[in-house]
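Sharing a structure, written as structure tokens. Questions coming.
As written, the chain order gives the labels A, B and C, with residue 1 at the start of each chain.
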């Protein structure tokens, strides 16, 4: 689940060797952490999928620009490693942590998230209108920051039991090997594993270069995107890998509840109790403090919707020229929200 | 009966929503110099209009929506563009037929009264349900519209249709009757549309007769009300003048 | 119902639906100008060419601007309804007591009736709903006009003064807002369009006429009314309250 814009230092050694010639070698050396370097391992995505306003070479951007880590401000290059440490330390108790953060209802949110996305291709209608070939393929789902595999599990269950689709395939991607290990454990020996309907990918969501463009039906990221260093870059990458008509879907905590009184109460809970519980239960106060603060620093629903639009997506629920309102779904009074985007044909 | 239908509709509506029945159908200034923004974006329009073509066979279902997306060159999953799912499909029919009404209707006789024009407009709008082939499936749509979360939007759309009809009929009154006109037309149209879904007669003649009875009732009741009010006003004026003539300083 | 097989709006997805979904502004405009109902002969409208391609491009109205116009015009309409009714019910007692005021009262009434007609037309044209408080404003303004009329010449004039002060302020703020739009549009090299230019002219003229009424009222000893402060304060507060309510419903 924790997708982190980082590679551990063992990747650094290989990456510097393969750095593309157009990167100033000394610049790379000067970066202690590899989030940018790992991007340089691969040539940049084809320019046709890039926003013209974006710097053509991601590796050359100012990665030392300050970013936030919880409430502290740190250089961008550091964020990924700090986030990695958080998730490495909480990987085994991740579900417990989500229960605490969401007052225990993240399971319901995830169920709702998957149900409203309705993955899987329904069986051919009585009139035989659907061509058999599409049925054969199933959908390709990419679950970013899906380390522990709980979204993937729900996707596959929904596709199989609701839509009777035995082909749909999920790729679970996470930057953090410890989190992915949790997912591998979950699927070990399962039917899905045996049928080859699930695989694992250790990758940075800001650079999914091993995934071809226009190849994914559904891109999901649940409770992960707030940890990304460059959310805009990750959104552009999502746009690239999705097929035309493909769907980007994101489930994430929101910084502010819709009701200000409840917001105050919830803040009391999250800032007061959660780090304390973290300390008592997991003996790790700082990681839990980060998680609470990272929610606070995540853009509000309207702002994040505009970022999705910026990346080129059509945002649902905005008919009637209502550019300034709507476009997401609040869950449980707005503790969390579902954002979607459809890649236009 | 139309008034009782309207009353029943009103009473069945949750209290918090009753005001919506009278709510402004068009909330904003209608400009002639500036083109109106299209209600639907291109992608939404193509998917929904192709999906409606599947409604006669598949009904107002997710299936129709998905098939529409496929027809428009999108994927199965693209139906996520419509957060309200099948209700978005229903609403698209309502909106596009409301906006298309002005292109469907023509008044051969310039001397048509407003009442006659309204009758023609209602019939033309009902005919649109038949022409698009969705009339056999319209009960499903009514069921979807009556779900609690869809009621406000459905009523707003019904009000907008009534407003459009009065506008196209050339009614320009902007006094208190503005509200009663739209409320009664909404009631009559809704009743006629429900009647249409169960009408087995040739060319929906029963619906036409049903509509005529409702309009006749409205004329009788409305005439009686305005007659009574007019009489009361006349009597009050006469009383004031009588008193003035007696030297009372009013 | 005889089923005409008219061209179905949705059966032909290949047809340009967009043109059907956007109102045919110019068709409607011409209809409105002629004051007659047009005949729509074609089921598939052909996009109407702009009759006079104006040199500066039209500024598009934002939703906020439309909302503003809607509530402003509704308030103006309700205000002129009230003004007409106030004079209607003031005139009989006042003219009876002071026959020399007949021409002045008639002049003021005629102007208000003209304003009311203007806004009646604008509301119908731009499809703005009238205020839902219509019957209440109707009763309240009749009562106000009659009450101050019976109280005498000075009270009636104080009423006119108070009402016209508030109305004048209200129109002034509208003119200011519309001129600001005009300036912004000009700065972008665009134009507000004929309708809005005409609206600015109308509102300005009406404001000037209302302020004339204010001068007449003061000239006719409005300030001599007893109790002047109370009358003035109450009526002005009432006007502001009514404007506030009417902007919303």
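Note that in this section contacts are C-beta pairs under 8 Å (C-beta built on N, C-alpha and C of every residue); 3 or more make two chains touch, one makes a residue touch a chain.
Predicted model only: the values in this text are computed from it and were never measured.
Placing every chain at the mean of its C-alpha atoms, the farthest one from chain C is found to be A.
Central chain by Cα centroid: B, whose mean Cα position is closest to the mean of all protein Cα atoms.
Among the chain pairings, B-C comes first (most C-beta pairs in contact).
Averaging Cα coordinates per chain places chain A and chain C 54 Å apart. Note: centroid distance chain B to chain C, computed from Cα atoms, is 27 Å.
Inter-chain centre distance (chain A to chain B, centres taken as mean C-alpha positions): 44 Å. Residue positions 38-40 of chain B are each in touch with at least two other chains. Touching of two or more other chains is recorded for residues 321 of chain A.
The residues of chain C that reach two or more other chains are 63, listed in rising order. Every residue of chain B that touches chain C in the complex is listed here, in rising order: 22, 24-36, 38-40, 42, 45-46, 49-50, 52-53, 93, 96-97, 99-100, 102-108, 110, 112, 117, 123, 126-128, 130-133, 163, 167, 170, 172-176, 178-179, 203-205, 207-208, 244, 249-250. Residue ranges on chain B touching chain A, taken from their complex, read 37-41, 43-44, 54, 57-58, 62-63, 66-67, 69-70, 72-84.
By the touch rule above, chain C contacts chain B in their complex via residues 1-6, 8-11, 13, 17-18, 20-26, 28-29, 32, 36-37, 39-45, 58-61, 63, 65-67, 69-70, 73, 77, 92-93, 96-97, 120-121, 123-130, 132, 134-135, 138, 146, 150, 192-196.
Residue ranges of chain A in contact with chain B, taken from their complex: 116-119, 121-122, 125, 127, 129-130, 134, 139, 217-218, 243-247, 249, 314, 316-321, 329, 340, 342, 344-345.
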